[in-house]
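Below you'll find the structure, written out as structure tokens, and then a few comments.
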Amino acid sequence: MIRSTICGPAIGLAAALIATLAAPPVRAQLNTLTKEQMIEYTAQNPFERFPDGRPKVPDSIIERARGLSAEEVFGVLPAKGFRNQYEDGFQVLHPGKKMVGRAFTVQFMPARPDVETVMNAKSHEKGGPALNNQYAIDMLQPGDVLVVDLFGKKDGGTIVGDNLFYYVMKATHGGGLVVDGAIRDLEGISEMDMPAYFRSAHPSYIANVMLTGVNVPVRIGNVTVMPGDLVVGDREGIYFIPPQLAREVLDKADETHIHDEWTRLKFDEGKYKSSDIYGSPRDPELKKEYQEYLAKRLAEIRAQK
Amino acid sequence: MIRSTICGPAIGLAAALIATLAAPPVRAQLNTLTKEQMIEYTAQNPFERFPDGRPKVPDSIIERARGLSAEEVFGVLPAKGFRNQYEDGFQVLHPGKKMVGRAFTVQFMPARPDVETVMNAKSHEKGGPALNNQYAIDMLQPGDVLVVDLFGKKDGGTIVGDNLFYYVMKATHGGGLVVDGAIRDLEGISEMDMPAYFRSAHPSYIANVMLTGVNVPVRIGNVTVMPGDLVVGDREGIYFIPPQLAREVLDKADETHIHDEWTRLKFDEGKYKSSDIYGSPRDPELKKEYQEYLAKRLAEIRAQK
Amino acid sequence: MIRSTICGPAIGLAAALIATLAAPPVRAQLNTLTKEQMIEYTAQNPFERFPDGRPKVPDSIIERARGLSAEEVFGVLPAKGFRNQYEDGFQVLHPGKKMVGRAFTVQFMPARPDVETVMNAKSHEKGGPALNNQYAIDMLQPGDVLVVDLFGKKDGGTIVGDNLFYYVMKATHGGGLVVDGAIRDLEGISEMDMPAYFRSAHPSYIANVMLTGVNVPVRIGNVTVMPGDLVVGDREGIYFIPPQLAREVLDKADETHIHDEWTRLKFDEGKYKSSDIYGSPRDPELKKEYQEYLAKRLAEIRAQK
Amino acid sequence: MIRSTICGPAIGLAAALIATLAAPPVRAQLNTLTKEQMIEYTAQNPFERFPDGRPKVPDSIIERARGLSAEEVFGVLPAKGFRNQYEDGFQVLHPGKKMVGRAFTVQFMPARPDVETVMNAKSHEKGGPALNNQYAIDMLQPGDVLVVDLFGKKDGGTIVGDNLFYYVMKATHGGGLVVDGAIRDLEGISEMDMPAYFRSAHPSYIANVMLTGVNVPVRIGNVTVMPGDLVVGDREGIYFIPPQLAREVLDKADETHIHDEWTRLKFDEGKYKSSDIYGSPRDPELKKEYQEYLAKRLAEIRAQK
Amino acid sequence: MIRSTICGPAIGLAAALIATLAAPPVRAQLNTLTKEQMIEYTAQNPFERFPDGRPKVPDSIIERARGLSAEEVFGVLPAKGFRNQYEDGFQVLHPGKKMVGRAFTVQFMPARPDVETVMNAKSHEKGGPALNNQYAIDMLQPGDVLVVDLFGKKDGGTIVGDNLFYYVMKATHGGGLVVDGAIRDLEGISEMDMPAYFRSAHPSYIANVMLTGVNVPVRIGNVTVMPGDLVVGDREGIYFIPPQLAREVLDKADETHIHDEWTRLKFDEGKYKSSDIYGSPRDPELKKEYQEYLAKRLAEIRAQK
Amino acid sequence: MIRSTICGPAIGLAAALIATLAAPPVRAQLNTLTKEQMIEYTAQNPFERFPDGRPKVPDSIIERARGLSAEEVFGVLPAKGFRNQYEDGFQVLHPGKKMVGRAFTVQFMPARPDVETVMNAKSHEKGGPALNNQYAIDMLQPGDVLVVDLFGKKDGGTIVGDNLFYYVMKATHGGGLVVDGAIRDLEGISEMDMPAYFRSAHPSYIANVMLTGVNVPVRIGNVTVMPGDLVVGDREGIYFIPPQLAREVLDKADETHIHDEWTRLKFDEGKYKSSDIYGSPRDPELKKEYQEYLAKRLAEIRAQK
């Protein structure tokens, strides 16, 4: 459905941004990270990077992460001091479909004409496109999850309707959408096969907000999301995993999956109380049995990869 | 399940109402619209009317409206000054099933024995039925959507259980139910094939309220619903469309559907940024292509009707 | 502060209303009670009436009611079947100041241009004033409490700012204001000496609503308020007392006050457990002592009146 | 997923409990019912009991109760003075799947090290297991519904993850789970075929709480649940039925089911207004017809049992 | 105002309780602590005890605690592992008046006639008073704060009206009231000079609940309160301090008060940035100055005691 | 009370910032505005600036603004396109005390060790102070209002306790505090004579957050606050006025004050309906009278300045 873009003074503001890529001192958005800053603030990233410095978690990691659940991430991150990487309270478009991808972040703030006028002028100087939701959406890459801070806004806080949702799905190869705000056209969107997490749905166009940052640190509820975080959403909520912890989380999860398998096999035998087996077996014989099972299965799993 | 009607002093109050149809000066409910007032306050209605003056949006319009989404209505009404015709925050019984029909409105207020006693006495004079939920429900017509103002009440605010829900479904030919209040027997109702929107479910009978109006203007959240409004509900929320705007909304929606088709065809080509194509194409060639596509498809659609 | 009135199509709609007083068939507001209906629905009123039929609880009753608390009303009304006459959840302007007066009710609904246009036209025919908040406010009488149903609206739901609040205070002789909605100019209003109960304060003008009834039954939270109800507000909440129950409530409260006096005198003696004395004394001697105290004090109180 | 048990000082506290079974004066949990107290407080139970005195509603009753809905229970309990036996506001894991079973109750309170230390010491004296969630879970029987008071806690209020949920399912033969608190591993749990009602889901382990009672009276929202209550959950909410009322509820429900059947058959004929037939038929002929239908169908149903 | 006690089956239930004091095996309330259990679960109490075993924090400690604020308690308790001893979200009757005293705890649960009947019968056997709010209130001692778990109930959850509030004030010598529930007669209570913390006010009598424990562990929001805890309430919220930590909290607070004095004296000099002085001085000279000031003032304070 | 600063990795991070002032390319905080950017984004500021480019609304304007109310600002800003400059929903420390000053903005985000580590390292290189709440507070100037975005955080979101509140009061000469988050030590703070607006109070220290910007655009509820905005708070809420609109707002308010004066004088005469006088007089004579009064009083007021 038509016109799901910011109207008003924001139109035509983006020129400066494009110019910025060539000419660093120019800056149309309020908040930006230069390539140097992006690399600096994500210095622990062990993987490749996009041309703008954003960490690029490899596709192989993304595929492995489809087997993760929120609980398995919880088993690793808080112990490393990352206590604020989980957020819930979203409406989940397809509860049975995991969302996994690289965070592409977008920030909006309540509109102020005086600030918009300045961004406008800078943009017009350079002849760039409008600094609006489509400006950001046009930059999406395969494997990205679009992560949007719209400060919980409902009326006017609708990042996409069904046409742009369709575009995001195509551009990210079904990566996903997280918006601390709203979507419109829920009726049309509900038939599209991309995971999405949103606070509410509303028929209004996006309005009364201004785009203030693309691929900058954003706040989604109680999480600081960095561009390039590995985003993992299940029906419970969303984890934003710093790239440097992705492998450890996944390796740990392999063990957990095996532990789950073995635990349920034992429970199926019907001979044990839960505490005989779980968290870890009491009986030394059983403990040994489990250790052997774990070693064998881990070897199998790793052989597959 | 039995007894989903108002108990207590309200029983047997409705005689006066029936008499009223014959003898206008009598008035048992607190709030009424005479036929003349109904016509006067809905004077812009371009369609036929029911015998009591309520606008009767034609069945053909109702059928076309099954293709509408909330967003498409939003594209027309606010611009016409109708800023308060949308309401959400309901539990939706069958999210995949559109609700379309003519508003049949019912109003309740918190019970007061002194007022009920008066309505009671008037009713007994004329020998009519009880002024309760069934009194109103018995007046439903095929194509109606029952729209009930129960001021958000949960305990005791249950307009129907499964038996009366079944009756409403039969009487309206599956039209639908909107209640700013509750239903009971959700378990039984969930298997019935009529759309329903409600704030909550509760096992209690309807109680501690009095019927104060049938086919009068009612307040559903932030909307003033007039009898005869075209009601359109999708999984996002409900639009109450004044009859005089129904055609315009539908014609506009036809264009939107074509625009959506074309936009996605272009996105499928994978050659364009979202802003090259959407909201409207930048390139004059593409613009022309779209105009031609639109004209052709509109002609096809209209030929079908 | 200026312009706290409804703008837009509502301006100039009230002519029909004034004409209505002379010529009953004309009706500009959606909801009205004729004088006959007002009398009929408040038939149990034992007191005089205003020219429009609204019950007029005498000034002497109003003065006695200043000694009431919400609990004392609760001791009488539910037992008479009036279970829905209390509402709380308001911001209380002057918690230390009781509010007592006769309910003057006003009803608003969300604006619809089609309905407003009709009211407008009817009003213009008769040359009356605008059908807005001031139209109703101009009808206030000494001893009234202005009771406004603005369906909880905050932004645009501001019945008065400080200038009109000042006028209401003058016109009602400090009667009071209850609004299921908002006020503006809280800063200015807080210095004025009239009780007021409101859901919120907001700087916006009243907007996007239409006046649909004056001195009709209105809904304030979970209460049906009838014009002429005796309104009693304390720091806890508000009771709307049907006129026919006013005397009984007050007589009962006299006894309660004496019971309180005696109970505390006994507690002050420090010799008793609470259950020796309260709710009623266990010991027959004490019971007799209390009965004598009650009789004596009641006689004194009644002699004063 | 691993480690869904209470960590910290609670570990190893349960010895005293086990000893308690043999040696009644010992008491490790804060709250207990001895066998004598259990029998005394559930004296009206007409059925067998478990060894610890908990009422054991027979399997035949449990099977019949699978046909119940919340409304049918409401039709009996309040009239018997049981006004507080229904609770809703839960997330329902499998809305299409009824939950029926015997209440096995568990109570937690916010952790205090001084109290935990005492329970700990008592437990160590006797060499028992940890007083934690698994301690209680290990006592579950086929046909039980685990009913847990975790005072609405989300973070740290997770009674089970998917492994222990699997164990509960096996141990209760799919009985069910009610927690006024949270679960973890919703992703894993959602594939398991046991009914569950919970306030929220969270990835955290259970933490910062202490187990204070097993099979004691617990508070679930506004209900006092007694061990052995018949628990019936549908998509609307949960009823906790005292054993002594189970048969009456079920017999009444049989009649209601027949009444529903007949009512809808009549509605299907399309000849009647709802009030002609429902709540009970107006016409004496119809009334007789219904009575005969009821008698015949009741006989059939009872013959089947 | 009259009759603020539980009506219905609860009346006359308390006999067994009184008998219980003499004859331990009898138990009318659902939850009790024997004297032995009370002592066992509060074993770390360094002070005297009441005859029933409840810790009796000395009056001198209570007096010193009037100088405490919530922050000063926070500075000690969590570090000792007591992370759940603070609760807020109350309405505070007299925000300018500290509340300090010994916790006297009372527990209610939603009423069930079958359980009440049993308690009733046990009570009648012994000829004791009703098991209701007054039963507990009559046991209050000077210096107590009445701490009531009414599970947040508003309508019917009113522990006292103004007469019983007056009694509590007299009996506790102005100790105080905390109720996770409601009070009635706020108008009358607001003139009485005792601190009180409550969730809401309502005109209803206490109803539909049963007294299930006196001086047992109770849950107030997220806190487990033990009988005899030192209760300290300021305008921010309430701390429940285990007796064994009372002295340490107070000694630490003395230092904090001196630190505050010195910090502000320094700030008054206007020569320093906040971080030069606070949390602790950067400059070694200043650090020394502070240490000397602290030592001198501590000596003065301790000399006064 | 001691230690109201961020603990953990944030300590010692600020060196880079200070260095930044001299050496622009260094940047320790995530978000900053260079002097050039500050001037660019506040280009319409008609007044002087601070050395870092922040607009400096003159003291004379601040003094005049003490007479403003929220409604008077509302009369100007939305019409200029500034629809998002008002926020409410705060606890107001001193409702009777206006807050007026220049916005000094501070931004926090949820803590992430990887990002903090980077800021830390940059800071250590330069030897600067900790990047915490005190780092920002030490930069306050007389006339400032400290405006803090702590994203509504309560536990751990406490920007100051009483000692730092005292410092802020001294440093800003009583300017004020707005925090979309919490304060601690409400008990101590409530006796200090500086206006403050906060979401909640909590005894915890500030924790689990990182300072990410000083004097950058921040979001307070639905407002984008720019450094140097004129902040005006009354008991209703807070307006953030762009400097370029300050004079117009004040001039308009002068007229409103006169209009209020005159309106009430007329109402005091008791001869008029509210609509005769307000919003503007109907009668041409009265209109003229008002115009003359306005002219005279405006002249007087302007003569005083």
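So that you can tell them apart, the chains are marked A, B, C, D, E and F in the order they are listed, and the count of residues begins at 1 in each.
Methods note: a contact is a pair of C-beta atoms (placed from the backbone, for glycine too) under 8 Å apart; a residue touches a chain by one contact, two chains touch by 3 or more.
Everything quoted here is computed from the prediction, not taken from an experiment.
Colleague: If you take the chains that touch subunit D and keep only those that also touch subunit F, what is left?
Modeller: A chain counts here if it touches both subunit D and subunit F, which gives A, E.
Colleague: For subunit D superposed on subunit E via Cα atoms, how large is the rotation, as a multiple of 5°?
Modeller: Roughly 180 degrees of rotation.
Colleague: If you list every residue number at the subunit A and subunit F contact, are more than half found on both copies (same) or fewer than half (different)?
Modeller: Subunit A and subunit F contact each other through largely matching residue numbers.
Colleague: Which of these, C-F, D-E or A-F, gives back the A-B interface, meaning over half of its contact pairs coincide by residue number?
Modeller: Repeated interface of A-B: C-F.
Colleague: Taking CA centroids for every chain, report which one is farthest away from subunit F.
Modeller: With centres defined by C-alpha atoms, farthest from subunit F sits D.
Colleague: Using each chain's Cα centroid, which is most distant from the centroid of subunit C?
Modeller: So the chain farthest away from subunit C turns out to be A.
Colleague: On a C-alpha centroid basis, what's the spacing between subunit B and subunit F, in Å?
Modeller: About 46 Å, centre to centre.
Colleague: How many Å are there between the centre of subunit C and the centre of subunit E, using C-alpha atoms for each centre?
Modeller: Distance between chain centres: 39 Å.
Colleague: With chain centres taken as the means of their Cα atoms, state the distance from subunit A to subunit C in Å.
Modeller: From the centre of subunit A to the centre of subunit C is 53 Å.
Colleague: Counting only residues that touch at least 2 other chains, which ones in subunit B make the list?
Modeller: None at all.
Colleague: Dump the list of chain pairs that touch, please.
Modeller: A-B, A-D, A-F, B-C, B-D, C-E, C-F, D-E, E-F
Colleague: Subunit F touches which residues of subunit A in the complex?
Modeller: Those in contact with subunit F are residues 9, 27, 30-31, 37, 40-44, 80-85, 109-115, 118, 151, 153, 208, 210, 212, 216-217, 219, 222-224, 226, 242, 244.
Colleague: With touch defined as at the start, can you tell me which subunit F residues reach subunit C in the complex?
Modeller: Answer in residue numbers: 69-75, 86, 88, 95, 234-237, 239, 256, 259-260, 263-264, 267-268, 270, 273-275, 278-279.
Colleague: Along subunit E, where are the residues that touch subunit C in the complex?
Modeller: Of all residues in subunit E, those touching subunit C are 1-5, 129-130, 134-135, 137-138, 161-164, 166-167, 170-171, 184-188, 190, 201-205.
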